[in-house]
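In what follows, structures are represented as structure tokens.
In what comes next, chain A is part of two complexes: it sits with chain B in the first one and with chain C in the second one.
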Partner chain A sequence: MHVPDGFLDAPTSIATGVVATAAVAVALRGARRELDDRTAPMAGLVAAFVFAAQMINFPVGAGTSGHLLGGALAAVLVGPFTGALCLAVVLLVQGLLFADGGITALGTNITLFSLVAVGAGWLVFRGLQLLLPRRLSSVPVAAGLAGLVSVPVTAVAFVALFAAGGQAPVALEPVLTAMLGWHVLIGVGEALITALVVSSVVAARPDLVHGARPLLATRGLEIRTAGVAA
Partner chain B sequence: MRKRTFWIAGLVVALLLAGFVSYYASSNPDGLEHVAEQTGFLDTADEHAAGDGPLADYAVEGVDDGRLSGGLAGVLGTLVTLLVAGGLGYAVRRRSSRPAADRS
Partner chain C sequence: MGAGHGHRLHYHGHSRIHRAEPHHKILALLGFVLVVVATPRDWFPAYAGFLAVLGVVIAISGVPVGYLLKRLVVEIPFVVFALLMPFIALGPTVEVLGMTLSKPGLLAAWALLAKGTLGVLASLTLAATTEPDDVLRGLQRLRMPELVVQIMGFMIRYLDVVTGELRRMTTAMRSRGCDPRSPRHWPALAKALGALFIRSYERGERIHLAMLSRGYTGRLPS
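So, the complex of A and B:
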């Protein structure tokens, strides 16, 4: 969903640039609380993985494809603030080195990926954590559903920006309908990839999964009690 | 899993995706591009300012073999992203407070 240069007019691009700059500044402060010596390398690994995964466009029908956004994935693995930074780095590398996503649209893309996709993904994930059983196995399920929701939400956010500053005089309703329709389908792919990756990391190193931390505190206590009883 | 094994496994998966699997990715337009074409605003897209860079469109300039060119671009991008985001992670992290004896 990388927005190229030219889709949005200058005032809208400048406004999203300001929003993106503020979001990155807030994320830099917030990431300090999420990262320590143990988890700092996760920021690099998660960003690298999202970059790699975004190269894999999967077909979704009618000559269309989609790829991972990675917002929910990054938020669950490293926390929402660090996740937002990871996505901003991915977009910066893609825009500057690979001509993927416009340069004047960088603020727009960071707003959509780092703010909307990560934010929506994290909110849905935390909401589901309150509803689902407090087990480690719930983490990939909540992450997958968060990924599913995050994609159409981000698509609608693009349409909102397009409504504010789209350069072409086209009717908005068909744009909204088409964006929503395709991105619900792409969201299914997002959900599968997100759940698969999160469940792999939870299986290998649950202590490195930000979204699993509240669960591990209680699990540690349970294990200790069992050990004493045996 | 030991932490070192985990880091290496994660990086190998990312490099394989970007360097090898990406060759088999769908070349159809993504959701946004498709909708832009369908609803008639694709032609407002401008040429990319860095569109003639050495790695533009995930291909290494001068490498003719498509598989090699795309794979190399993917590997380079993954490593650059790893270094930038990892460096940022280390820069903003909380340093664990060491015992007083350690500090002197």
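So, the complex of A and C:
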């Protein structure tokens, strides 16, 4: 999914670079609010986690495999701003130290993953939280659906960038259809993994799931004595 | 950190390229790739020139060419895309070995391969000749926001720890008959990832407390 150098022309790369810079600046301010003085160590560790989680490949079919994007997952677990910041740092490290994703395409990659994937994932998650019953068990469901939507939305954003600055005369309609079809499929995998990971964190440490905090705040302390006495 | 110092792409050496200031190297890489991306695709001699420049830099750095070529595998996914290009692009067609290929598509495939490969090769050269700490110092000199550099520093410092933890977890799961690739075992895999997240988060909290107790105020001393 990483866009390499030379995939988009120079003006598009520079324009997305400006967008990405603005997005990172906003994410930095937001993350400071979400994590206060813990920003550096916490965001660093979460970024390391996202990097590790992306190493797990799952089969998509036709012999190829996709990996977790982690946009919706990061947004639900640590909040949209910290999540966007973590993904941007992951992309920066991958580009500079692992040659994965082009240096001039860094702005494009950050725009696609930090802005579009995390943003879309978070918006869907928040929207679903308003619709679904206000219970802890609906958090993983909302997270999964957010993951499902975030992948094809990112693919569409990619096609839009390709239409603006692509380096090949390709009929856009079939590309859009192919990208959408393919990425809905990848999105299903992303949705399942996201929902399962979030549900396992909710089971063990619900307080660590940023998206569950509004629910926890309304919950009173419950003291169960009968079970202990028996 | 059993993996030792440096990162997986670094190639230890003492060449002039290794010793160059990291912020100069990052700027040079960015400038080089931008020029490559902006070069019209049918200026074929220019691409030979770019490759020659890169070849000279690699020769000075003393990094074996095979070492870099082996690591070009990161570009395979988009090589596949480039190879598809002549089949899906529009425009006048040409017959090659009985296949109808699009002429602009062929040109686009060439441009993708040439620009992408030059970009990856240049990035690999930076990664092979620059320690992660130096990359961070370089970014700091280039006025990258301090907080981003700090987050990157923590990420790089704990990358091997966290990935090592995940590797041990998946090894343990495999030895119990789990196949991480099979969707049937995704629940187990997701629980492992959930546990990995909690461990990473709690490690971050412990690190933060340890730093506070040593006088950390939210900024790193310069």
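The definition used in the following text is that the second predicted complex is superposed on the first by the 210 of 230 C-alpha atoms of A that agree within 3 Å, B and C clash if a C-alpha of one lies under 4 Å from a C-alpha of the other, contacts with A are read in each partner's own complex, and residues count from 1 in each chain.
The working rule: a residue touches a chain if its C-beta (ideal position, glycine included) is under 8 Å from a C-beta of that chain, and two chains touch if they have at least 3 such contacts.
Bear in mind that the values here come from a model prediction, so they are computed numbers and not experimental data.
> Quick check on the superposition: with chain A as the shared anchor, is it clash or fit for chain B versus chain C?
clash
> Given the touch rule stated above, what does A:A191 touch, chain B (first), chain C (second), both, or neither?
It touches nothing on chain B or chain C.
> Classify the contacts of A:G6 with the two partner chains as first (chain B alone), second (chain C alone), both, or neither.
Once the two structures are laid over each other on A, A:G6 reaches both partners.
> Looking at the overlay, what does A:W182 touch: chain B (first), chain C (second), both, or neither?
Once the two structures are laid over each other on A, A:W182 reaches chain B alone.
> Touch test for A:A212: chain B only (first), chain C only (second), both, or neither?
neither
> Regarding the shared-chain residue A:H67, is it in contact with chain B (first), chain C (second), both, or neither?
The answer is first: A:H67 touches chain B but not chain C.
> Using the superposition on chain A described above, determine whether A:I56 touches chain B (first), chain C (second), both, or neither.
The answer is both, since A:I56 touches chain B and chain C.
> Applying the touch criterion given at the start, work out whether A:L161 contacts chain B, chain C, both or neither, answering first, second, both or neither.
After superposing on A, A:L161 lies clear of both chain B and chain C.
> Once chain A of both complexes is superposed, is A:A23 in touch with chain B (first), chain C (second), both, or neither?
In the superposed model, A:A23 contacts neither chain B nor chain C.
> Is A:L148 contacted by the first partner chain B, the second partner chain C, both or neither?
It touches nothing on chain B or chain C.
> Have a look at 23-31, 59-67 or 149-157 and say which bit of chain C overlaps chain B after the superposition.
With chain A aligned, chain C clashes with chain B through residues 149-157.
> Quick check on my understanding: which residues of chain A belong to both its chain B contact set and its chain C contact set?
4-7, 28, 32, 37-49, 51-53, 55-59, 65, 85-86, 89-90, 92-93, 95-100, 102-104, 167-168, 170-171, 174-175, 201, 204-205, 208
> For chain B, which residues are in contact with chain A within the complex?
Residues 1, 3, 6-7, 9-11, 13-15, 17-18, 21-22, 25-32, 34-36, 38-41, 43-51, 53, 55-58, 73-74, 76-90, 92-96 of chain B touch chain A in their complex.
> So in the complex, which bits of chain A are touching chain C?
4-7, 9-10, 13, 24-25, 28, 32, 37-49, 51-53, 55-59, 65, 77, 85-86, 88-90, 92-93, 95-100, 102-105, 167-171, 174-175, 189, 192-193, 196-201, 203-205, 208
> Using the touch rule from the top, collect the residues of chain A that touch chain B in their complex.
1-7, 28, 31-33, 35-53, 55-60, 62-67, 82, 85-86, 89-90, 92-100, 102-104, 155, 158, 162, 166-168, 170-171, 174-175, 178-179, 182-183, 186, 201, 204-205, 208
> Using the touch rule from the top, collect the residues of chain C that touch chain A in their complex.
7-9, 26, 29-30, 33-34, 36-38, 41, 71, 74-75, 78, 85, 88-91, 102, 104-105, 108-109, 111-112, 114-116, 118-120, 122-124, 126-127, 132, 135, 145, 147-148, 150-159, 161-163, 165-166, 170, 180-181, 183, 186-187, 189-191, 193-198, 200-201, 203-205, 207-208, 211, 217-218, 220
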